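The two complexes that follow have chain A in common; it is paired with chain B in the first and with chain C in the second.
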Partner chain A sequence: MTTAVLASPAGPRPFSLQRQYALLGMLLIAPTILVFCTVIVYPLITAIYLSLFSIYTPTLQGHWVGLQNFREMFGSAEFWTALRTNVIWTLGTLSLQVVFGVGTALLLNQNIWFRSLARSLILFPYFVSTVVAVLIWRWMLNDVYGIFNHALLQAGVVDMPVDWLGRMPNAMTSIILIGAWKYFPFVVIAVLARLQTIPPQLYEAATIDGAGVWGRFWDVTLPQLREVLVVIVLLRTIWDFKEFDLIYLLTGGGPVTSTQTLPLLVYKQAFGMNSMGTASTYAIGMLLVLLTFMVLYLSRVGRGSEPT
Partner chain B sequence: MTRRSGAKSIVATIVTWSVVLATVFPLLWMVITSIKPQQELFTIPPMFWPRSVTLEHYRELLENTPFLKYFGHSLVIASSTTALVLVLGVLGAYSLVRFSYPGRERLALLVLFTYLLPSVVLVLPLYLLMVKVGVANTLLSLVIAYTTFSLPYALWLLRAFMAGTPEDLEWAALVDGASRLGAFFDVVLPQILPGIISTAVFTFIVGWNEYFYALVLVNSDSARPLTTGVMNMLITSFNIEWSLLMAASVMMSLPLIVIFVFLQSHLTRGFAASGVKG
Partner chain C sequence: MRKKSTQFRGVPVSRRQALWTLGAAGALTAATSLPVARPARAQAQVTLRWWSPQSAPAQLAAYKFQIAQFEAAHPGVKVNFEPTSDEGYPAQMAAAYASGEVPDIVTHIPSFAVASYFDKGLVEPFDDVIKAIGPEKYYPNANKTYEIKPGTFTGTGIGNTAADNFWVRKDLMEKAGITQIPRTWDEMRAALQKMQGGGIYGAPLPFARNSATSFVVTTLIHGAGGQMFTPDLQVAIASPETEHAIEFYKSLRELCPPGATNYSWGEMITGFVSGACATGYYAGRVLANVNTQNAAIADKITCTLYPTISKDVPQASVNDFPSVFIPKGTKNLDSAKKFAAFLFEPEGYIKQLLAAPGHVLPVLKTIGENPTYLADPIIKKYPKEVELMTVSAAAGYNLGFESAKHKPNTKSVDIIASEALSEMVQRVALNNENAKVVIGDTAKKLEAIMKS
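Up next is the complex of A and B:
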């Protein structure tokens, strides 16, 4: 496409100019490719390579063990437990993000007072540092002085302060809810952008056909949102699945290993158990699980990625 | 009719604003806690509004903790990453959109792929690489590490912006005798300036907020950024001073607040052009 445009405006251009342009194009991307290879491609290959070694982290000394690490990983209960925990966390927080996100987007799409202020305030949890978010929540969920327990006591919902992060199933519920709070604004913005492009005629037609609020939502809004929701779900699945900061800082994987997802397990293997090879194996295992979603996302977004 | 739609919009306003306020309440609570005197923090039942306002926690934070040092580190790391990524990203995106050469499409797909790559996979090899090259525990090591996720993102974002600008002006300049690079600086750059600002804002925030690489790659106060630095203050303190930590959280969110006040439209625009729309 670009080539065609390249030659047209100034009439026929000599072939050499086109080649010159191709060279210039490659020259411009060269630094990027160099950086890519050094900090992404090379480490990625190394990660696979490392997974075949047994390495002691403090000395970084190691020896070749081949596929031994992988055999141990598939045979280890800890890996499967972490994978299961990871799936529970991802499913839980993602579904809440989507429900809250779509709901809030619908609210913010209405004609309300100070709409643009409301729209920018809702973004705050998403952009605030995870460290900040975790500190705030750990303070609010503090068992004795936290405002959350106090409000619940006051309202008579509980009669003893609740330990929100130190026991199960509270810890899992808490991280899922806090994750939903932190990341649902992403869904809000994406859905809101799509909502604004739905032609009003569709709603008018549905109203004439006698559809109520619910009818219009199910028959007009939801089908129109389907495409964007698929992309959102794929992206957020990948991002929630690999979430480290939020869970590590809220529970550290605890109590014991109840909220230990795969990224936390990788970190523990590498720097707690000092076995970097095993950690790499777990990381690769996690990547394999994620690969399905990455390919799905790439085939969806990458296909339409050709600039128009 | 007007009356009814008026009532409807009041109800909508109340419901929506309740949701918005409930969402930002934790952030409000952070600010309130940070300006409460210490003794008001531990009353049972807790008081909502502070009886008296104090800035002692901020003073304590700036005078008696390494907070400012961490702040400086974060500033250096986030701005260097942003500058590096912008230079590479603008040139790269220009090349990906306006030039044609073998492998271009596959390269674009690779960019998107790396954008999704978990840092957990890259962190161990990067750690080994930093040790080998001898830059472990430096600010530079974090700039390098942050490039792994900000460069793909910036490329993708800038590519979308670049594709959205018309080529006509660039061709007019070429016809008038400008060189390709001359046209790039005089025509293309000004056209995608909003895209550059959006990308800069995003890259800066993500670099400012990053925790995981900082946790693994930096193990000394001489290069520790705010995220791990402040968490360290929580872990190493004998009894947790929540008001101090909330003051730190507020200070840590300052760049974000500045961006929200002055560059909000760029934030939303960046969102629209990012991976969701493809």
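Up next is the complex of A and C:
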């Protein structure tokens, strides 16, 4: 190495090049670590700390209760009901997002008319603000002047307007469908990008081997999409599991608590019941559930990708 | 190995030098971004943040006028209006207090919320402001709900609101052969059944998990002759009167639009004003909205007090006593007090009241008798209705102040925010659960809130 620094026996020993690089590396990584600690580690530790107290939200005053909040959470029917609702919502909306997303991506990968325009327009639900999307949907689903009920009444399908958001199972079905509509473009973007990189020779070879449309999809496309689908499912599971605004604005968790997922329960405890300690406990519970899902899922994926 | 270098303005720069420079620049940027490194800047002017859930366009115009007048009279003070909502203010206030970023002045939220915040030491005493406004100008006992301790006021009313008027369409009543406005629940249900049909529903009552449903069930429990708390604030909701109220509420479900399971205040007023429902449960804003949004029925509406279970139970109004108060923690207390008092200056106050005539009724008798206020076309057009609302609101009650005998209930905002009351309605009306069991569960929830 031409730039090595030699130690001088007379003067103070200068930093070696290796040490200088190490210091430089630490200096360069310091802002990242600082940001990471500020936005991830600090809130996480604060949430764990708060979960050990009974705290009145507006004043943030409270007293130590230790693990009592956790005992109450695990013994609370509301927590388990919210968890069950959360799982139903996540599985329901995620499945539809993947099915619609892959189907639409396959369509947009074909040489169809106005393909560029369609590729742009398909992103609209994903980019539109959730509040705006919910207002539009609530308007369309309105019992008195909503277009859906109007169309059903005009067509003679129903005698009375349908209560889309205030009755079960309509409320859960509606939020799952609207969630799928809102977020399936994410799947489209990711899958479409991958579809464009699949070598056409694979399809040619499969065709020569006698594979039909379904065979080519099952034996060529799907294996090629596997990795991107793993990432999509992982990310969307996390995002859907902690979805708050869409559900809160559409149903508020109702009727009664039929669509109350864990994030809504955390919000209710923090700002409805003004119990920040309990809310933090539920948030930690939610984190544990997500971590469990992630570990299970990643271990399964890891096993599946091992060479046989 | 040859060191990689590039040129910067003709000077060769090694990769190591470039990285060191980049690192130093990053460190410098981070250091200068820290608040401690920033020199304290003298605040050029005071900025007041004003929150209110009342923010219809006409009201915003009136607020703008009041703000402009105040800023002109107080150079160096700027006022920013920030709308909140009837459903959202408990959460927003809780978050504001928790973060230490409180608004400097809050208006139009119910008096019981102010009492709750005061109880937790979160409200500045308001005595100075009432003195500045002039106690002699108020209607008698206008500030009774704010006197939480003798001689100590938590806020003042910016108006009175009779929240639960029974609005009816006279033309639909006539068409259905109903000669008198229903006085009892049986009469009301029968009238609604007769008027429902042809795309028109009986009433736009809410069955959602929100404050609107909590207000309606409060009206009905009181209308059954019951109370939610004893005068010394023991939970008293588990009573036959509550059962009657809940069963009556449930029986109205088939007379309300299907989507009423998600209704809040906005849908309730729209349901009546648009003509979709024959009756309504709302405050005086109906008058202005009908005249601007559906003038065809403007001469066909009237209101009375909400029916009760029988003629033996007197009718009364829920008044949410829209307030003005100053949250503890404001950094501009003096300016906030000046602005709070300024809100009652006749020119601006009348503009504000007339932005929703009949909805927010004056608390100052000097304004109630003011010719400019009385000259408003809506006030002139509906004198009987405005008079009824004015009188009933002044004698009204709410969850924080159930009767003259009751102690102020400082847990009311927690009760409303917990949705315990609206969940009770949903469980019985939508899930068909046993009313007695559900009311028992609700009583336990209320007891837990009262103990918290």
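Throughout what follows, the second predicted complex is superposed on the first by the 253 of 308 C-alpha atoms of A that agree within 3 Å, B and C clash if a C-alpha of one lies under 4 Å from a C-alpha of the other, contacts with A are read in each partner's own complex, and residues count from 1 in each chain.
As a working rule, a contact is a pair of C-beta atoms (placed from the backbone, for glycine too) under 8 Å apart; a residue touches a chain by one contact, two chains touch by 3 or more.
Note that the coordinates shown come from a computational prediction; the quantities given were computed from them, not determined experimentally.
Asker: With both complexes overlaid on chain A, does A:M276 touch chain B (first), chain C (second), both or neither?
Answerer: In the superposition, A:M276 touches chain B and chain C alike.
Asker: For A:L60, is the partner it touches chain B (first), chain C (second), both, or none of the two (neither)?
Answerer: both
Asker: Just chain B (first), just chain C (second), both, or neither: which does A:W139 touch?
Answerer: first
Asker: Looking at A:P31, would you say it contacts chain B, chain C, both, or neither? Reply first, second, both or neither.
Answerer: both
Asker: When the two structures are overlaid on chain A, which partner does A:V256 contact: first (chain B), second (chain C), both, or neither?
Answerer: A:V256 sits against chain C, while chain B stays out of touch.
Asker: Touch test for A:S16: chain B only (first), chain C only (second), both, or neither?
Answerer: Neither: A:S16 stays clear of chain B and chain C.
Asker: Contacts for A:Y297 in the overlay, against chain B (first) and chain C (second): which applies, first, second, both or neither?
Answerer: first
Asker: Check whether A:Q201 is in contact with chain B, with chain C, with both or with neither, and answer first, second, both or neither.
Answerer: Touch status of A:Q201: no partner.
Asker: Under the stated touch criterion, name the partner, chain B or chain C, that contacts more residues in chain A.
Answerer: B
Asker: So chain A touches chain B in one structure and chain C in the other; where do those two contact lists coincide?
Answerer: Overlap of chain B and chain C footprints on chain A: residues 2-3, 24, 28, 31, 60, 142, 144, 267, 270-271, 276.
Asker: Chain C touches which residues of chain A in the complex?
Answerer: 1-3, 20, 24, 27-28, 30-31, 34, 56-60, 138, 141-144, 160-167, 251-257, 267-268, 270-276
Asker: Using the touch definition from the top, list the residues of chain B that touch chain A in their complex.
Answerer: Against chain A, the touching part of chain B is residues 9, 12-13, 15-17, 19-20, 23-24, 26-27, 29-30, 33, 41-42, 44-46, 88-89, 91-92, 94-101, 104-105, 107-110, 112-114, 116-122, 124-126, 128-129, 131, 144-145, 147-148, 151-152, 155, 159-160, 162-164, 167, 171, 174-175, 180-181, 205, 208-209, 211-212, 216, 226-227, 230-231, 234, 242, 245-246, 248-249, 252-253, 256, 260, 264, 267-268, 271-272, 275-278.
Asker: Using the touch rule from the top, collect the residues of chain A that touch chain B in their complex.
Answerer: Contact set of chain A toward chain B: 2-3, 5-6, 9-10, 21-22, 24-26, 28-29, 31-33, 35-36, 39-40, 42-44, 46-47, 50, 60, 104, 107-108, 110-114, 118-125, 127-133, 135-137, 139-140, 142, 144-145, 147, 150, 154, 181, 185, 189-190, 193, 228, 231-232, 235, 238, 242, 244-245, 249, 262-263, 266-267, 270-271, 276, 279-280, 283-284, 286-287, 290, 294, 297-298, 300-302, 304-308.
Asker: Write out the stretch or stretches of chain C touching chain A in their complex.
Answerer: 1-3, 16, 19-20, 22-24, 26-27, 30, 90-91, 93-95, 97-98, 117, 120-122, 207-210, 257-262, 271, 274, 276, 414, 417-419, 423, 426-427, 430-431, 452
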